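Below are two complexes that have chain A in common, paired first with chain B and then with chain C.
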Partner chain A sequence: MRTWPTLLRPWVFPLLLLALLEAAARWLVPGSDALAPPSQALQAFGKALSASGDESVLQATAFTLSSAALGLLLGAALGVTLGLVLGLSRRAAAMGFLSIEVLRPVPSVALIPLAMLVFGFGYRMEISVVAFATFWPLLILTQAAARQVEPQLLEVAHALGLSAWARTTQIVLPAMVPRLFIALRLGVSFALVVAVTVEIAANPSGMGYAMMIAQQSLAPDLMLAWLAWIGLVGFAINALTLRLQRAIAHRMGEPHTGVAP
Partner chain B sequence: MSSAVLQNGTRIRATTESVAVLVCLLALWWLASHLQWVSKVFLPTPEATLESLVQGLSTGELAGFTWDTVVRMLLGWLLASAIGTALGALIGASATARTWIAPTLEFLRPLPASAVMPLAISLFGLSGGMVLSVVAFGAMWPVLLATVHGLASVHVRLREVATALQLSRTAFVFKIGLPNALPDILAGMRLSMTVSLIVAVVGEMIASQSGLGQAILLAARSFRASELFAGIVLLGAIGFVSNALLALLEHQFLKWQRTG
Partner chain C sequence: MSESPLLRFDQVGIHLGGREILSPTSFEVARGEFVCIIGPSGCGKTTLLRAAAGFLQPSGGAALRHGKPITGPSREVAFVFQDYGRALLPWRTVAGNISLALEAAGVPAQQRPDRIAKVLDTVGLGAHATKFPAQLSGGMQQRVQIARCLAQEPELMMMDEPFGALDAMTGESLQDEVSRLVRSTGLTVLFVTHDLEEAIYLSDRVIALRANPTADKPSLAAMVEVKIARPRDQLLTKEHPEFLRLRRELYGFLGHH
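So, the complex of A and B:
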């Protein structure tokens, strides 16, 4: 049984840091263009919550989250499909090896200018960069997951005389589900980071852009509010996907203990 | 012996096929650009990209940008590794510090490094130092968390040995803790190199600091697709070489673990 003091313990250090920032911003650099006390940031955030249009918190958050989600969907669909093929066939894996090793190290942010050139600003450029960034980890992790499917299961499929399609959909994919969700959880955190990065570097929409604008209009309170909000949204989504992944791992049996019948 | 020959044959076939797939992809690029499946504005021909690459490298302009980006990435990475290991050792060495501070680190970890950039701009201005500080901050997390984890997972027996030898806390960290954490730290440093390159490029784009990030952004804005592709190729090469070098280094450093 967890007691109150242990439940409260994680909050002590961040609250201490916030108090320090509050004191520093109030008394060391009052009226600064760079820093604002957290209490003022909270007020600025309250104002932004009720604002509409570009400044609206809900609209900016929805833009970032939906582009991250759509980009992840695209990247995951392609990455899982190709990863499945490369994981099930050693020959295909050997054939694709060199191309993957050559293309994978390209940093995803290097594609921001290209996406800008092709799609202009907006949803499509952000989605394409997120898709590129999430494609590689999902490809690699799916490939590993498909390789780790128990050989006995494949033997059963063979003994049953299943076709390649039936073997994949009825035996291999269900056996991979727990590992796939681990890959997907990693993809979610990647997608969020990349989406915010695209907005900060180029795309004039979403949470990242709202934060850049707050900085450029010398509103440190609003900027800090956005920083905290981006952190909170990221934390909440990561915590949620971790729960989902654990629940699924629990239902399907932990990946390392084999597969539930 | 025949199986060895057979295996050798399979390997040669696999390598040939692997190269063939890459050549096919390049051929596809060549076809797509020459037959105008994709507009030339977006997709330059491979020859034009190669020409931009050779020209840029020989006149020294692109070479200079590459050098700037590499230096920024390496400096940020070294700073991140040093600060990450030091902070990680400070936090990880004490069980009390771990229980009080670790949850905050878990909260901060998913924060995108680039999200700190506006804050850094308002603190330090649009300067090279600002970019470097964000690179170091963003790349610090993998190393820091790996060090904390490595120190926390020292085997109970080793802790008992340290108590029996009456090692001081500093001696424990340097003689037992950090060597124990080394595999974790090296893996963290590899991840943090990737982060360094990404944040360095983003920083160059935002703060207009000389480097490949700024170069490809300007190339895209003025519709010089072949120069844009040359920059992307160079960034890919930087990522590839730095990752390969670190893998080699990791292999060398951890030799004692496998043999010992």
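So, the complex of A and C:
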């Protein structure tokens, strides 16, 4: 049985932290350019909610999320496809190995200058950097997932005389789903981090840019409000993907453990 | 009437990783026979079974089915793996797992439900068709695997220590069930086990293998007929003088000295 005290338990620490921040900002460093009490941040956020243009919360959030989502979609489509080929064929893996190991360590944000030159400001540049950043982990994890398919299941497929196509669609791909989901969740958090980073560093749109504007106009309350909002959005998206993952795991016969990973 | 035996090993030797696992071994399995292969761990009994199923090629000699060399797995040969947990698709229900064999055999979708229901009834799992493997006990999961093999409608069923991971009670009830199934279907079975009593209880013939074969001590240590009437009974058969005699005769081959 879940009682009220147990339901409230996870909130104790964050609320305590907020109260401490409120007290520190009010009495330790009043009028600071870096810190603002959470109550003022909340007010600033309320104002930003009704604002329009670059400072509009809805517009900025939509920009960041759609760029992150499209970038992830592109990165995942390419990464999963190529990872599957490299995971299933030793020859392809041997051919691709060097190129991957040379390109993979390039930090994705180092691509921002190039992306700016090629695409200019806006969606396309942000999407391309997110796609590059998410492509690698999805490629590597998909490749590993394809290789880790239970060998005995492949023998079962062999013994039953399944065709190569049926073996891939009925055995290999479904067997990879749990690991693919881990890769996807990693990709989702990567995509959000990289999208906000691109906006802070270069792209004049989205939540990262709005936070930079607040910082440059010496509005710590608004800046902190954006910071908290970005955190909340990230939390919500992570919770959504986790729910999706559980729903699919349940449909695929995985016993419900109730343990959060 | 086919002239050549269903399965024939003619001086089959198997080397794996530079080591001789099985020294040249010859035996035949006739249609409808239940043959158990027994021996200590590392004697190559599973390797022999895998060669007979076409999962690996012998290093020497000839493994023949109906007089033709075995070049790979065939739908006529079903294989029951010891580790049922890794042989069933965890994302498919019991019915879905059986369906896999029918899909592989190209059975039209509208015929599948009837055939699935039929084999599930045969193994006593009719009420569990919509459950996932993880919701079943080990014994029931192994029944699902056996049902999938039956759905394949093979002429030969290979069983690799199928009850080795189950508790003794479950193992014994599955022994009786497999005996009954084999009698009613006329299936030919090649069954690997390290349990001597299980081997004698199930078999028409027991082949005993020894580990680390040498020139004067080849892999094939003994081959004995089990002439005990069927149906057999867990209590009566195991007290039968012939059963006890065979048990005594074969005991030494299992590493007991």
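Criterion: the second predicted complex is superposed on the first by the 228 of 261 C-alpha atoms of A that agree within 3 Å, B and C clash if a C-alpha of one lies under 4 Å from a C-alpha of the other, contacts with A are read in each partner's own complex, and residues count from 1 in each chain.
Throughout what follows, a residue touches a chain if its C-beta (ideal position, glycine included) is under 8 Å from a C-beta of that chain, and two chains touch if they have at least 3 such contacts.
Everything numeric in this text was worked out from a predicted model, so none of it was measured.
After overlaying the two complexes on the shared chain, residue contacts for A:96 are found with chain B alone; chain C is out of touch. Counting the residues of chain A that each partner touches, chain B and chain C differ, and the larger count belongs to B.
Of the two partner chains placed around the shared chain by superposition, chain B is the only one that A:10 touches, whereas chain C remains out of contact. Touch criterion met: A:35 reaches chain B, while chain C stays clear of it.
When the shared chain is aligned, chain B comes close enough to touch A:211, but chain C does not.
Residues 9-10, 12-14, 17, 33-35, 91, 94-99, 101-103, 105-114, 116-118, 189, 192-193, 196-197, 200-202, 208, 211-212, 214-215, 218, 220, 223-224, 227, 230-231, 234-235, 238 of chain A are the ones that touch chain B when the two sit in their complex. Taken in their complex, chain C has these residues touching chain A: 53, 55, 72-75, 77-79, 81, 83, 86-87, 89-93, 100-101, 103-105, 132-135, 148, 152. By the touch criterion stated above, chain B contacts chain A in their complex at residues 14, 17-22, 25, 41-42, 99-101, 103-104, 107-108, 110-119, 121-123, 194, 197-198, 201-202, 205-206, 212-213, 216-217, 219-221, 223, 225, 228-229, 231-232, 235-240, 243.
Looking at the complex, you find that chain A touches chain C at residues 150, 152-153, 155-163, 166, 170-171, 174-175, 177, 252-255.
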